[in-house]
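There are structures below to look over.
Two complexes come next, and they have one chain in common, chain A, joined by chain B in the first and chain C in the second.
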Partner chain A sequence: MNKTVNQKAWFLVLPVLILVAFSAVIPLMTVVNYSVQDTFGNNQFFWAGLDWFDDMLHSDRMWNALGRQLMFSAIILAIEVPLGIFVALNMPKKGFWSSFCLVVMSLPLLIPWNVVGTIWQIFGRVDIGLLGYTLDALGIDYNYTQNILDAWITVIVMDVWHWTSLVALLAYAGLRSIPDAYYQAAKIDQASRWAVFRYIELPKMAGVLMIAILLRFMDSFMIYTEPFVVTGGGPGNATTFLSIDLVKMALGQFDLGPAAAFSLMYFLVIMAISWVFYTVMTTLDKRDGK
Partner chain B sequence: MAKITLDNLAHSYLPNPQQESDFALKELNHDWVDGEAYALLGSSGCGKSTLLNIISGLLIPSQGRVLFDGKDVTTAPTADRNIAQVFQFPVVYDTMSVRENLAFPLKNRKMDTAEIKRRVQKVAAMIDMEAQLDHKARGLTADAKQKISLGRGMVREDVNALLFDEPLTVIDPHMKWELRTQLKKLHHDFGHTMIYVTHDQTEALTFADKVVVMYDGRVVQIGTPQELFERPAHTFVGYFIGSPGMNLFDAQIDGNVARVGDATVQLDGSYAATGKTQLGVRPEFIRLSSGSDGIPATIRRIEDVGRHKIVRLDVGGKEISAVAAEGENIAADTNRITFAPGGINVYADDWRITPQGAAA
Partner chain C sequence: MTDTAMPNVASDAPAMTIQPSRKIKRNLRPSGGAIVMGLYLLFLMLPIYWLLNMSLKTNSEILGAFSLWPRNFTLENYATILTDPSWYMGYVNSLTYVLMNTAISLAVALPAAYAFSRYTFMGDKHLFFWLLTNRMAPPAVFALPFFQLYSSIGLFDTHIAVALAHCLFNVPLAVWILEGFMRGVPKEIDETAYIDGYSFPAFFVKIFTPLIASGIGVAAFFCFMFSWVELLLSRTLTSVNAKPIAATMTRTVGAAGVDWGVLAAAGVLTIVPGALVIYFVRNYIAKGFALGRV
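The block that comes next holds the complex of A and B.
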């Protein structure tokens, strides 16, 4: 077949190029630009090479923030995934109460991050907050602004409250797609409740659970607003996660060079992890599709 | 293995059934003889799956009893009935290997390892899957998965019955024959009681010793394939079994003479019929003729289906089918049809009636 050659066709790609350039390439390049330069103000920049990256790789501050970040993500995943599955398994299968549960569970997902932060910030206050006041009245020493453990517990419980529904809804969707015949066959085979979960429900949920874990991991790995509103990263630096630290460095201290190097490394970590998830998920799909 | 007795059984999905039409399964008494192969045949929604689920214990009937060898199991859970069921869509445990799938029902019953091993080998040989024992079940084709579901039932050697709920629906046509032949062979070799639900008459007639035809929640006839063909007890059986189905002619019955339109037909006995009376004649028993004998008919079209020809005729505004042999010449001046002797069944209100003084 003869195709007409017309180089003007390139113009058709232009809108996408412009869109991607403004939304991703240019901002990213600005950050790259900052990461290899130093400035003493007055908009004067000096070439700094890879010094900032070197600095950051040897900075305790960054490693500590990364450590806290990984711990936070690990804890909330360890709670939200099993809890979400548990909730999904116990939700009504059909009828009015099933819809009711779905609506109630979706509610936390619809609340903006800083509102969630504010709710829990007030909720946990010892003087006027329902939770803080009650705990205090019960004689439990609870103060998230001064005690590191209390601050962590508050931030984690808040995240669990906000996001477990997401895992539960995805797991529920996975469960609903299992034909009744599987349960009937399991009954006939005298499978125990655990065996039904292990050999029927879990394999059928594997796909959606991977998505749930990916979403929850990425979201928690980039978390900023909620802990910032509740604890401001404190007490001390106890709940200063990567994003909070980055904002402090870039906008608080105005250390643009180190902050840019920091964000690029942050970006690479996220890319790497996403790639791992993607690879695992596509292999799973292939294995299923065969 | 066991004899399965259904005693006054009926089921309604409504909490408080008032009239007969509320019942998905109308009252029924039947014995399923130990070691026979039955097919449960009917169109979609006629209650055959309901009946199967009651036997397997997935559904508790709203009235009546189910007995296995005389023991009442009406409310016993599925696990206690010791039956095996193969479903429409193959159910295998994806993450297990074929071997683990076959061993699963035994493991759950806490059998010892050596015995499990022996039985799995034996069943694998029966279903011809010894070579794939260590494959993961998820990668297999639909028919292989269906064989595993079957194997999971057969591995329990003492099962009371093997139930099949349209097991070949998702199987490729060329594998259907293969699997059905294997099923028949397994039944022949091991003599399990088998109940096979299907809406495909070929499947039912080739598989079963006895076919149970259901229509609108009711068992309308139980019989051998030949009985269903020659003496359909209900017009539905005539219509549903056979290709094309039985022809029905509205007729007035008067003793041993039936009037169809203006023509008269001699019957083989004297009938006392009331209600809506019809003659049922299978296409195989209709003869084409010309002249003045028989019922007036005009040929609409002729379909050549290979082994024989199907002639579609117009009789008093109704379409009637006749079967003609492949080599038979169909005369252009055909204007009458007659009925072969012994090919006429008489129906009153859709049920077949027998001549007075004759045995059923």
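The block that comes next holds the complex of A and C.
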């Protein structure tokens, strides 16, 4: 759609601008403020320059949290994307069962995040949870509060449970936009199932899959509530991801300077990924000729 | 007998003989897709079922005997929540700020989305991108500054504070979703309306809003959901008067003897709002999460 140039449109955008500026720019400026100052309490601040950034860049704590974070995001993407595509390919195309699948699959997406944590906290307990009890009965030593590997597996399975449906629903939306003629042509050519997937379905899904991957990466990159409820970041620091570490630092220990420097670097990474996301979105819009 | 009957049937209606045999084959051998979906849906439902199961048991049964369904069926856990103000006020508080947030988000996002979908103006692309970064902003970064900001202007522990804080990610979300729907409405409709003598507000309310009604519904639903599921900010910004249900639940987990039955019942009740409307938005879930771009 070709749009007309109209500078007065700014008036329509103004309310959003004011509101979001109030809830984003002011707090962000507070963070910037803290990141370059030091305090001994009593509201007395003095200039610290870039010391906090220097500190944070050389602290093992942040790099470890970042390492755990990247590993977590990589693992869940490696599981959720193929699984989501696989589920989408097997979903019924129309009728009652299609609606039924859509409804049931959407359910985990709409559960409050702390309840997701609570559900898995209970589900994995050896004494009262179905999963923990079953594993225990099978003779597998499973304890997500003590064993690091078990904690990781629990958090990952929980995330797969929570978010795979999103990838599947997006992939399904991509699949449904493929005209029947493509499949008929493939049938005439006697294409194998794999060839149909590789040369018809995958290219047609590429756009939505890109959105799905970026969304999942982004949301997993700032995951807080679910692992916090289940493991509290433990055992030790084993499941302390970036957000959990940041909240510990800022609200737990009130280390304002380091936490602020940490926040800003965190936010810059998010900005960079947002830019990739935005570029993908606008390219998609153009390709669709909208 | 079949020898004589078969040729007759086949010659009379060749298409019909094929149909039943195919149907029988399908019934006998369920397709691979159904098995995959069955297993996947089972994986999704089991943890939720377990929560529901626990919420219908007494605490002694939960801790005492392991059973796949409640033996001593009880609604007592739900009764506890619905009669104790410290529990049910959590729901009232959550609903209050969520509804406030949805109303504010939609009210400011509608005109903005219209501007983005119809006009180009100075800095529009930068603004659109900036909105997106706020949707993606980690709440952990904003928790402390929000706490200080709302404390300093005397709004700490009020519903409006949480509602405004959630605008951080819900307003951008609403703008993006609504813009996605609005660009699907041909511009000629606007032009025709203006020629017919409609003023902008009259056109927007009488003609445009009904055309994007489904978009507004989807945007409202997602604002509601994202505000409903968020815990970190709502917990940081409240202490007593506006304490959300999610925070009430975490407090119970920390208590010495955990009341598992009540905790499970509270969890089930938080799923209800989503489950109630899920059927109506089932075809829009993907679109909403993808910010109106699928």
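Heads up, the rule we're going with is that the second predicted complex is superposed on the first by the 258 of 290 C-alpha atoms of A that agree within 3 Å, B and C clash if a C-alpha of one lies under 4 Å from a C-alpha of the other, contacts with A are read in each partner's own complex, and residues count from 1 in each chain.
Everything below uses one rule, namely that contacts are C-beta pairs under 8 Å (C-beta built on N, C-alpha and C of every residue); 3 or more make two chains touch, one makes a residue touch a chain.
On a predicted model such as this, the values are computed, not experimentally measured, just so you know.
A.B. asks: Applying the document's definition of touch, where does A:Gln190 land relative to chain B and chain C: first, second, both, or neither?
C.D. replies: After superposing on A, A:Gln190 lies in contact with chain B but is clear of chain C.
A.B. asks: Which partner, chain B or chain C, is in contact with more residues of chain A?
C.D. replies: More residues of chain A are touched by C.
A.B. asks: In the overlaid three-chain picture, which partner chain does A:Pro203 touch, first (chain B) or second (chain C), both, or neither?
C.D. replies: The first partner, chain B, only.
A.B. asks: Just to be sure I read the superposition right, which of the two partners does A:Val230 touch: chain B = first, chain C = second, or both, or neither?
C.D. replies: neither
A.B. asks: So, does A:Met62 touch the first partner chain B, the second partner chain C, both, or neither?
C.D. replies: It touches nothing on chain B or chain C.
A.B. asks: Answer with first, second, both or neither: which of chain B and chain C does A:Leu251 touch in the superposed model?
C.D. replies: Only chain C is touched by A:Leu251; chain B is not.
A.B. asks: Between chain B (first) and chain C (second), which does A:Pro92 come into contact with in this model arrangement: first, second, both, or neither?
C.D. replies: second
A.B. asks: If we overlay the two complexes on their shared chain A, which of chain B and chain C does A:Ile156 touch? Say first, second, both or neither.
C.D. replies: Neither partner.
A.B. asks: If you lay the two complexes on top of each other, which residues of chain A touch chain B in one and chain C in the other?
C.D. replies: 290
A.B. asks: Help me check something: in the complex, which residues belonging to chain A touch chain B?
C.D. replies: My answer: residues 179, 181-182, 184-185, 187-192, 195, 199-200, 203-204, 287-288, 290.
A.B. asks: Would you mind writing out the residues of chain A in touch with chain C in their complex?
C.D. replies: By the definition above, chain A touches chain C via 1, 3-10, 12-13, 15-17, 19-20, 22-24, 26-28, 30-31, 86-87, 89-92, 99, 101-115, 118-123, 127-131, 133, 161, 165-166, 169-170, 172-174, 208, 211-212, 215, 218, 221-222, 224-225, 229, 242-244, 246-247, 250-251, 256, 259, 263, 266-267, 270-271, 273-275, 277-278, 281, 284-285, 290.
A.B. asks: Residue numbers of chain C touching chain A in their complex, please.
C.D. replies: It comes out as residues 32-33, 36-37, 40-41, 43-48, 50-51, 54, 62-63, 66, 68, 104, 107-109, 111-112, 114-122, 124, 127-129, 131-134, 136-149, 164-165, 167-168, 171-172, 175, 183-184, 187, 225, 228-232, 236, 246, 249-250, 253, 260, 263-264, 267, 270-271, 274-275, 278-279, 281-283, 285-287, 289-291, 293-294.
A.B. asks: For a test of understanding, state which residues of chain B touch chain A in their complex under the given definition.
C.D. replies: 56, 58, 77-79, 83-85, 87-89, 91, 93-96, 104-105, 108-109, 138-139, 149, 152-153
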